[in-house]
Amino acid sequence: MPPQATTPESAPAPEHSLMLLREMLRIRRFEEKCAELYSGGKIRGFMHLYIGEEAVAVGAMQVLQPDDAIVSTYREHGHALIRGVPAKTIMAEMYGKQEGCSRGRGGSMHLFDAATRLYGGNAIVGGGLPLAVGLALADKMQGRERVTACFFGEGAVAEGEFHESMNLAALWKLPVMFCCENNLYAMGTALRRSESETDLCLKASSYEIPAWPVDGMDVVACEEAARHAYLSVHSGGGPCFVEFRTYRFRAHSMFDPQLYREKQEVEEWKKRDPLVILQSRLEQQGLLNAEDLARFEDEIGAEIAEAVEFAEAGTWEPVEELTRFVYSESSRS
Amino acid sequence: MSSDGRKTVRISYREAMRQAMRDAMLRDPRVFLMGEDVGRYGGCFAVSKGLLEEFGPERIRDTPLSESAFVGAGIGAAMGGMRPIVEIMTVNFSLLALDQIVNNAATILHMSGGQFNIPLVIRMTTGAGRQLAAQHSHSLEGWYAHIPGIKVITPATLEDARGMLWTALEDPDPVLIFEHGGLYNMEGEMAADAGAVDIEKAAIRRSGTDISLITYGGTLGKALQAAEELAKSQISAEVVDLRTLRPLDTQSIIDSVTRTHRALVVDEGWRSGSISAEISARIMESAFYDLDLPVARICSAEVPMPYAKHLEESALPQTAAIVETARQMVGVRG
Amino acid sequence: MPPQATTPESAPAPEHSLMLLREMLRIRRFEEKCAELYSGGKIRGFMHLYIGEEAVAVGAMQVLQPDDAIVSTYREHGHALIRGVPAKTIMAEMYGKQEGCSRGRGGSMHLFDAATRLYGGNAIVGGGLPLAVGLALADKMQGRERVTACFFGEGAVAEGEFHESMNLAALWKLPVMFCCENNLYAMGTALRRSESETDLCLKASSYEIPAWPVDGMDVVACEEAARHAYLSVHSGGGPCFVEFRTYRFRAHSMFDPQLYREKQEVEEWKKRDPLVILQSRLEQQGLLNAEDLARFEDEIGAEIAEAVEFAEAGTWEPVEELTRFVYSESSRS
Amino acid sequence: MSSDGRKTVRISYREAMRQAMRDAMLRDPRVFLMGEDVGRYGGCFAVSKGLLEEFGPERIRDTPLSESAFVGAGIGAAMGGMRPIVEIMTVNFSLLALDQIVNNAATILHMSGGQFNIPLVIRMTTGAGRQLAAQHSHSLEGWYAHIPGIKVITPATLEDARGMLWTALEDPDPVLIFEHGGLYNMEGEMAADAGAVDIEKAAIRRSGTDISLITYGGTLGKALQAAEELAKSQISAEVVDLRTLRPLDTQSIIDSVTRTHRALVVDEGWRSGSISAEISARIMESAFYDLDLPVARICSAEVPMPYAKHLEESALPQTAAIVETARQMVGVRG
């Protein structure tokens, strides 16, 4: 059962709300294009769409500052886009072109960007958590008041690396914002089939980490929850854990017959599409009109078209360079 | 009809593997399958599709994402009288369970002075070639073959996909089965009554007299193509399929090399410290004086696998390189 | 601070109490001999003494049935002895003789015994937990009403394997009795320095596993707590977690200068020596007299002397047999 | 005074390692040590004794028993601008952190297209010989050397124990340091001003003309003893200390073999798939025609290490076997 709509405490400024809607739309349209390009064979390998979960990345990213760090998973297109990695370098990456944000060596699951401190999509479930702990440790030891946001799915909670990382972050009071994207499934495994205790916040509490759930389909609520967490972490209170209750509208990856869930369930959740929720709310409040929406679509369409063009025009790294980046090229660290 | 007149069926490697599991479940109530998404999802690569419906959730167990725990549980269940087939979705994730495999599965029989054996089978997908990038493209079967106490097998044909599992399940000790992800869609004719096969001996997949192409798993097909290619220029290449990486069937390797006097090892693992190094060393030790020229190796480039198609292809052993290298080697008349 | 003495709910029958005392004394004297033999170079490698923690093994073992299984750690002399592995085969094992319970291949850290279903001392912290889960799974799948008792130290709680195993056992309602021997230190690391939340029962609860602490210096209380857990597990209620609050009187292993704790603290705990507690209680109740004690000492002294003799007389496995037991000798499972 | 007239001090391998860490902590505020019991306990093998008192708990960090998390945290901290020295108590436990080492430390520079390097040093004790049995006696440094993206070094002398760490810390990429547990108590004279040394080249520890004994780490001492022994019977053995297992200094190996025409590799790892196999294969590939006879290997028996002293000794490479094998090899005049 999808959670019911909650009206967020304080309504944000109109233009901010419009921006949130526009950002979610950017992810949605960008990924719809990715799906199309995947079918066309332009994008290969494993690709995991974020469609349905846009409110989480958009809400959470609002509170992060430029010098904060981000660690994500293989389902990270949304995080990269909203963090500010140019759509064109992301698209070029998925094409495997050297103009891509990881030079075409990473692909969809491994978007990295030093400029925005995106420490990668990580394709090992739970594998990013220890990295986030270490990034936060470095900040703390160097007296920098930064936060590291770590995104992972609820499936990762069963991994030993989750347990070890939560404890270490809490024990050392490190500035990590653990953002659990609970979309109820890990591939085909429902949360109730993988956890004896399905209340994830209760688990976080067992490490003495402040934790709370939030309606992951409501971008305003997501931003609010993220801000609570951010302030607590940033003020030196140690890590926080936010459970974003969301849902994946598409298949797990591009090869998933979805035998494990009812169409009916998906339809129920689609009624709570984060874009629809915010859009109708804004319309009710008379803050959104058809022109705005049309303008958004146009601008985003143009951005994506440009991204595709850029990727198409991109170049293949010469095979002679195959063995680059196994070790650093400068011999000093 | 196959050459030997047995009735054959058209089948895929995936289906052969599934039949092997189904057959084992039917033959022995102690057998069960446990792993991530083996049930409701139907298996990450659809190998276990339909088994949940037939055998139920007790014997087709979806596990949480806890590689170390469910592999360790497989070891415990094996000691407790079951015959578990533990599926680790891919070799890449098996690193999270390595402690259980190396420190428990491989040692308990020995540490207990022979009291507790571990009749466990662990299946996992291995290999690159599908643009899955650095964290999803490892070929570590040769690396696992370094560990005493476990056996490592690599079915590369339909018959082996169909027949190695049962023999592995009857083995009293832990057996790791590596299935190359690129093989699942391979289709062909298989004897309708195909059943258990040995897991000890290497197999000559094609006889030849000029050079031995020694390989296994995902690169067997490339080696056979290369042999076909070489035949056109009157070079007769013998193709040896190792089948089992631990214990290695050294004798078959040596026999082939003493016939052909030339050896080229083809292996998808990274070159340094690969199983191909061990094979080269064993040939050095047992057939040095039969060699017309040094054993050569074609392995994967020593680089985390890049995503870009052209880079990945250039990192992996390819038929053209095998043909080219073999030509040069045979050109060098001993 | 050591916990204060608790008077157990129901006082056990006198002869049972005397037996408990005698069993604890067996461990104590056996290990004192081991320490002596280690100094003499008869026993080598790593050896970890259980002295101070005897009440846990003695209390817990009382409730186990012959066909139950046990998984332990490298600190398992006590578990093996009380489970019924003959002192002489344990001693021979520590000598490295082929008459040892593991043929001399395991040593102090790896006591195995098929007859009593002791699945070994395990020298990887946390490494035994998944094995226990699997043994319990096998029992459940084969419809056998057995219990697997899994002993481990509080240090293991920080390992990912603890987290994964607790969840799996709870998720599948497996008959595992998790016996956590909380002696407050993992080598030199105090619990408070390794866990953000030091209430271990609270952690267990986060997997929906019933959990309770018990005074690990009071053997009667230990037996009672173990019985509660056993009944719950045996009746199909899924796993239980018992935290035995105890203390290690000796060094972690034979090479430990104990820089990490105050002599004073050790002395405090020695006042709560499990043998002293029970002995004085029995004396107060007039259930124990000097003769009983003298008899125990004599019998145990004889048992240990015989064990040493047996070990001394034991033989070295021929080096030609080095590569045995890497693989099974019968080719069928 | 040493031969070259530099002032020397008597020191143990343990103390040299400690001085190296202390020196690094003093030289670079970004350096810190993190691991199990490195602080209050003073280090499982007393290597970090006293450092907590000098540098405090911020820079000498005791960790919980969470190998995967604190190794991963080391990777993150390195990306965050620190220069962590992560101590894994022994190689046996490193299997619990293998996912972080192989899937993250070794791949991130590459997956990020060169954006994020990992200046991380991981130290661990390795090896057998102290009757610690099957779960505490692994020698996996050669196994780790299979992984592209990391470097593997094995200090076997006082100078290397003192000098390799700093160079490793200055390296922009992950470096794994394997310290053989049997070396800590080794004492000897070391130049008082000993400092950083390279971590690229193998070293000739003793020159010879009849045979090359190629080894590293815990078996260097045995090889040198063997050479001493062989000298008595007029056999001149050259002893090559590999020092770094990845990347291997192939050139130095080949140079030595082309001089001596005979090679015996001594390695405490299990034979199959050991680093000695890679060395044999490389010699095959680059010096085949210079060999008077096949390269030979003396490795550990392929068995989980038994506890009993006599069995453990018979499982490990021993001086006598090196001497005997070398004698036979030199007996065979090419």
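When the chains are written out, they are named A, B, C and D in that same order, and each has its own residue count from 1.
Criterion: a residue touches a chain if its C-beta (ideal position, glycine included) is under 8 Å from a C-beta of that chain, and two chains touch if they have at least 3 such contacts.
Because the structure is a prediction, the values reported are computed rather than measured.
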For the interfaces A-D and C-D, which has the higher count of C-beta pairs in contact? A-D
With centres defined as the mean of C-alpha atoms, identify the chain lying farthest from subunit B. C
Subunit A and subunit D, separation of their C-alpha mean positions in angstrom: 41
Taking the mean of the CA coordinates per chain, how far is subunit A from subunit B in Å? 37
CA centroid of subunit B to CA centroid of subunit D, Å: 31
Could you say which residues in subunit B touch two or more other chains, in rising order? 63-64, 66, 68-69, 92-93, 96, 99, 103, 110-111, 133-135, 148-149, 302-304, 306
Touching two or more other chains - residues of subunit C: 102, 104-106, 110, 122, 124, 127, 158-161, 164, 167, 171, 193-195, 326
For the complex, which residues does subunit A have touching subunit D? 69, 71, 98, 100-106, 110, 112-114, 119-120, 122, 124, 127, 129-139, 141-142, 160-161, 164-165, 167-168, 171, 324-333
State the interface residues of subunit A toward subunit B in the complex, per the touch definition above. 44-46, 96-97, 102, 104-107, 109-110, 122-127, 155-156, 158-161, 186-189, 193-195, 256-257, 259-260, 316-317, 319, 322-323, 326
In the complex with subunit C, residue positions of subunit A that touch it: 158-164, 167, 170-171, 193-197, 202-203, 205-209
Listed in rising order, the residues of subunit D that touch subunit C in the complex are 36-37, 39-42, 44, 62-69, 92-93, 96, 130-136, 301-304, 306-311, 314-315
Show which residues of subunit D lie in contact with subunit B when the two form their complex. 68, 92-93, 95-96, 98-99, 102-103, 106-107, 110-111, 133-135, 138, 142-143, 145-149, 246, 248, 269-270, 272-278, 280-281, 284-285, 288, 291, 293-297, 302-304, 306
